[in-house]
Amino acid sequence: MEMHAFSGFELKAQGILQRLDSGEVVIGDGGFLFTLEKRGYVKAGLWTPEAVVEHPNAVRQLHMEFLRAGSNVMQTFAFSASEDTTESKWEDINAAACDLAREVGRKGDALVAGGICQTSTYKLSALPAWITHLEEPFAETGMNAGPTMNGNIGASIVGVNCRFGPTISLKTMRLMKEGLQAAGLKAHLMVQSLGFHTPDCGKGGFVDLPEYPFGMEPRLATRWDIQKYAREAYKLGVRFIGGCCGFEPYHIRAIAEELAPERGFLPPASEKHGSWGSGLDMHTKPWIRARARKEHWENLRPASGRPFCPSMSKPDA
Amino acid sequence: MEMHAFSGFELKAQGILQRLDSGEVVIGDGGFLFTLEKRGYVKAGLWTPEAVVEHPNAVRQLHMEFLRAGSNVMQTFAFSASEDTTESKWEDINAAACDLAREVGRKGDALVAGGICQTSTYKLSALPAWITHLEEPFAETGMNAGPTMNGNIGASIVGVNCRFGPTISLKTMRLMKEGLQAAGLKAHLMVQSLGFHTPDCGKGGFVDLPEYPFGMEPRLATRWDIQKYAREAYKLGVRFIGGCCGFEPYHIRAIAEELAPERGFLPPASEKHGSWGSGLDMHTKPWIRARARKEHWENLRPASGRPFCPSMSKPDA
Amino acid sequence: MEMHAFSGFELKAQGILQRLDSGEVVIGDGGFLFTLEKRGYVKAGLWTPEAVVEHPNAVRQLHMEFLRAGSNVMQTFAFSASEDTTESKWEDINAAACDLAREVGRKGDALVAGGICQTSTYKLSALPAWITHLEEPFAETGMNAGPTMNGNIGASIVGVNCRFGPTISLKTMRLMKEGLQAAGLKAHLMVQSLGFHTPDCGKGGFVDLPEYPFGMEPRLATRWDIQKYAREAYKLGVRFIGGCCGFEPYHIRAIAEELAPERGFLPPASEKHGSWGSGLDMHTKPWIRARARKEHWENLRPASGRPFCPSMSKPDA
Amino acid sequence: MEMHAFSGFELKAQGILQRLDSGEVVIGDGGFLFTLEKRGYVKAGLWTPEAVVEHPNAVRQLHMEFLRAGSNVMQTFAFSASEDTTESKWEDINAAACDLAREVGRKGDALVAGGICQTSTYKLSALPAWITHLEEPFAETGMNAGPTMNGNIGASIVGVNCRFGPTISLKTMRLMKEGLQAAGLKAHLMVQSLGFHTPDCGKGGFVDLPEYPFGMEPRLATRWDIQKYAREAYKLGVRFIGGCCGFEPYHIRAIAEELAPERGFLPPASEKHGSWGSGLDMHTKPWIRARARKEHWENLRPASGRPFCPSMSKPDA
């Protein structure tokens, strides 16, 4: 699989490295663009994060939800602003994005990372800009998105983000791991898959599917799909596990719950979630109580309720 | 189809009646329980609304999103408290729920309705309680859920809520309408379908499906499904159109956008949404730009991305 | 469900009645038109049986296969010839059809029934013709296809044939049975379902599905589907069980094998078929040997291998 | 894809080479084992061809159907008999198989090829036996199934047979072609795909799918699928195009019809088949008449009628 800009990236930052070096599992957050689009604050197509200044409560709330769900990293809901496009407006937005992420991050044990929205308003240069408002100690990570996995520039964390669903993302991580080993390189592994199943997408990823972006619902991962993803990523040696478009707070919680045995603790939001459906064990209907167990959810092949629809599409390009 | 308690209900209230009598289309809101469960504030199985006191910002935010999306009615995120179960704690919760709904409702042109959470903690009597904290002028509606459509008690609005997806809910409305006509009764019609496709559920509704409640994702309606639902409801003469479990803010926006020609205005959240995908018309990839049109989304049969899953399930009971 | 000409019919004949009256299970045969079309001897669209004179070996062979599979009734591969359309050519064809059916029938313990091809070449009158070449003792049955189930003309066997798959056909039989009971009528029950699954067809049956007649393959029943059909028909009290379009010889064998415990014998063709896949028990691969058991085939949800196709269609009319 | 014994093979024979060298398209036949199993003459699991002596009419009839459908090659319905297993019984069977194939082949313009049944009764050596009863001039081809494409032994025709459906078989042919070109070798290309869709099978092919061999129905190719297969094979440069398990006579006819423009003639069985559904153009129902055109069948995504079944399976091994 060819790696595109923004599909592969490298992270180099103190805080995260300390955590990963010490053997900790770091949990990322999920997708701001898709989630806030559904909440009414982001326009699909533009995918710009002006909500941070227009509706800061909505952005703050989503940060809070990811934090409660177990995220150790708050990605700023900011812009990729190249020099041509740097107008004061975008500076303000990115500054506000950083403020929001830092504010919420401080409420928990979370680092702040410079997220870069993939806007189609401006054509990006191959090597995206650094977000300058993130400085130590708040800006604990910077993100460098390169078109290929490029070990020789000294990346400490390599991985994939966005564009592909859990299965393809993990397959790519396996190739990356093998590539690193073959090259004698060492790096922490990171994965932030889509929250959508995309077995049928081509090299361009999910944007080429006819369902993108307004008909992706049937592809949305369940929490059990994500627990499986987290477990497989962990087995593969990936220690920075998060999500991208389609990942909602409960998907992040699913990562944190799956890896609770290894990490030794549950996230705050698990106070509202019984592990493997155990919250159903008091239901008055016996057949619903019977779903309060791991076997039910692990073996479920969830129906689409859409008998007139196929299970795969042909990418448009 | 047999009507169960909570599947059929009647509304009798001044504010809503005035609007409906004047020919206005009234848009309801969506599902608090499912949406807040995914955000980390409601425990599935218990389905209790203590979030209104524990995390009021999260509840307020969701009210705001529905208001922005076009809801004319804020349903209180409150309890069904029968006498046995009336402890001061529940009183506080219901009071807080009303306060939140009123607070947000005032920011727009929205009425407040007494929503009743369907908790399985306590067995409900057949005729649920009235929510006493809702008094005029704030409590503009009260809700009377009866086990059958019961015209002779003078209901002014009859309809169905929850349990079934758009297709079955609309089919039921058609039967109700015919029943009313046959009986020579007059009432406004209301529908608040699930946001899930459930062609395969039995009489008990979606709770009997093996996917309930943690594997419903592939059944989630797209915004286009909901525009179709809104249009069909409108054609049928239904003038109070909303949603229930599974309905997120963007689904409510879809109702408001579909009926904008009749109502004469778009909801606030449409500032972040191009009608029929028009927000894609500036995309750099021509095949994505080609999706910026009604035909694409109307004819799309969205794939599940799940070739190992069926399209229908057998209800557990 | 409305009954159309050729969907409901009545049989009145000595031989069959004797067998049914004595409590015997009578097994019908399968579909000549569809099967011989695939073999190259019938033209879809015309659906005429001139193969009986043009290629008698091909017709004889199919009769033989149904006989070996367990059929107790050889339906003549003949024509519905109303007076307008009676030309000598058709007379010859029907005579030849009867000869072939009798010839093969004599090789086993099989009756001969007057089958009527549903040709679209000529518009049929509502009450189709009797086939005059079938006389006692060879012509043991005559077939009278009426537009409705018409108890008062003294039918001794009532049932449904063609147009709908196993599930709908059996549901119809249940209604017929209840109707007979309600009317205080007594009659033997007969069912000859399609060999295709048609849960999505409308009142007109499978001909209205867009797959008819050249894309029906994915709907084709497995032998296990037919064993289930035979068992359910038997439980319902149906004692004349056969098939129609889509039913190949091995489907008839499946009926005979499913009901072998009740009938006390297996059909000749079972010498080439291990019950419930037992023929696989010597396979060199253990995972294929593991399929040599009832549980495997009973629980199998066979995949279509067609991820780009839906599981249901909308009828064209 | 790894090539297994019986998946790749080479043909070296006079008659076929003359035809292929002259630029002719040679059409193979279809699957005897699966087809005769359904007709009641072959036992699945054993897959032995004793029908040639026990029921020669049934075997002759199938040869006739393939000949009528357009086959230029009659594969003997014979055995793979290694020395250990050579008993007089098998000699007789293979002799009879050759007689039948020759007898029918003489009725048309068809060559006779030594087919080898893949029996699991006896473990085969990697290099299968030559069938000794086929001698010039009757035995125009011999078949040498080797574990890999082995250009250096002087094969004149290379290709794949059985185990995989049309898509994978053609993909393999593409690789073979590229391999031949890269190695500077020249050979005629041959493909005999399964008549089943198997996008989900692993390296072992269709036998590892849980549906094998008694639940393959939903995977069965339509005639239109096969026309597409024939066209793609032709475009790829394959000039010996046939089928294997699952291929019925009408599938062979579909190859002959698709390539009729190139070959200049239709097969005999096309007298009973209107090209692209044209036989429906006289139907009394207008929506069925509307199916009498290429566009309908080419664009049809045929539904399975099985909403409770998935579209793909996981191979058992």
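The chains carry the letters A, B, C and D, assigned in the order they are written, with residues numbered from 1 in each.
The criterion applied here is as follows: contacts are C-beta pairs under 8 Å (C-beta built on N, C-alpha and C of every residue); 3 or more make two chains touch, one makes a residue touch a chain.
On a predicted model such as this, the values are computed, not experimentally measured, just so you know.
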item: Co-neighbours of chain D and chain C - touch as defined; value: A, B
item: Copies chain C and chain A - interface residue numbers shared by over half, same or different; value: same
item: Centroid-based (C-alpha) most distant chain relative to chain C; value: A
item: Chain pair, A-D or B-D, that carries the greater number of C-beta contacts; value: B-D
item: Rotation in the CA alignment of chain A with chain B, degrees, nearest 5; value: 180
item: Rounded Å distance between chain A and chain B, as computed from the means of their C-alpha atoms; value: 29
item: Centre-to-centre distance between chain D and chain B (centres being mean Cα positions), rounded to whole Å; value: 56
item: Distance between the centres, which are taken as Cα means, of chain D and chain A, whole angstrom; value: 48
item: Shared-contact residues (touching 2 or more other chains) in chain C; value: 200, 301, 303, 306-313
item: In the complex, chain D residues that touch chain C; value: 37-46, 57-58, 61, 64-65, 68-69, 120-121, 123, 165, 196-200, 207-224, 248-250, 253, 268-269, 271-274, 277-285, 287-288, 290-292, 296-297, 300-313, 316-317
item: Residue ranges of chain D touching chain B (in the complex, touch as defined); value: 200, 306-314
item: Residue numbers on chain D that touch chain A, as the complex places them; value: 301, 303, 307, 310-312
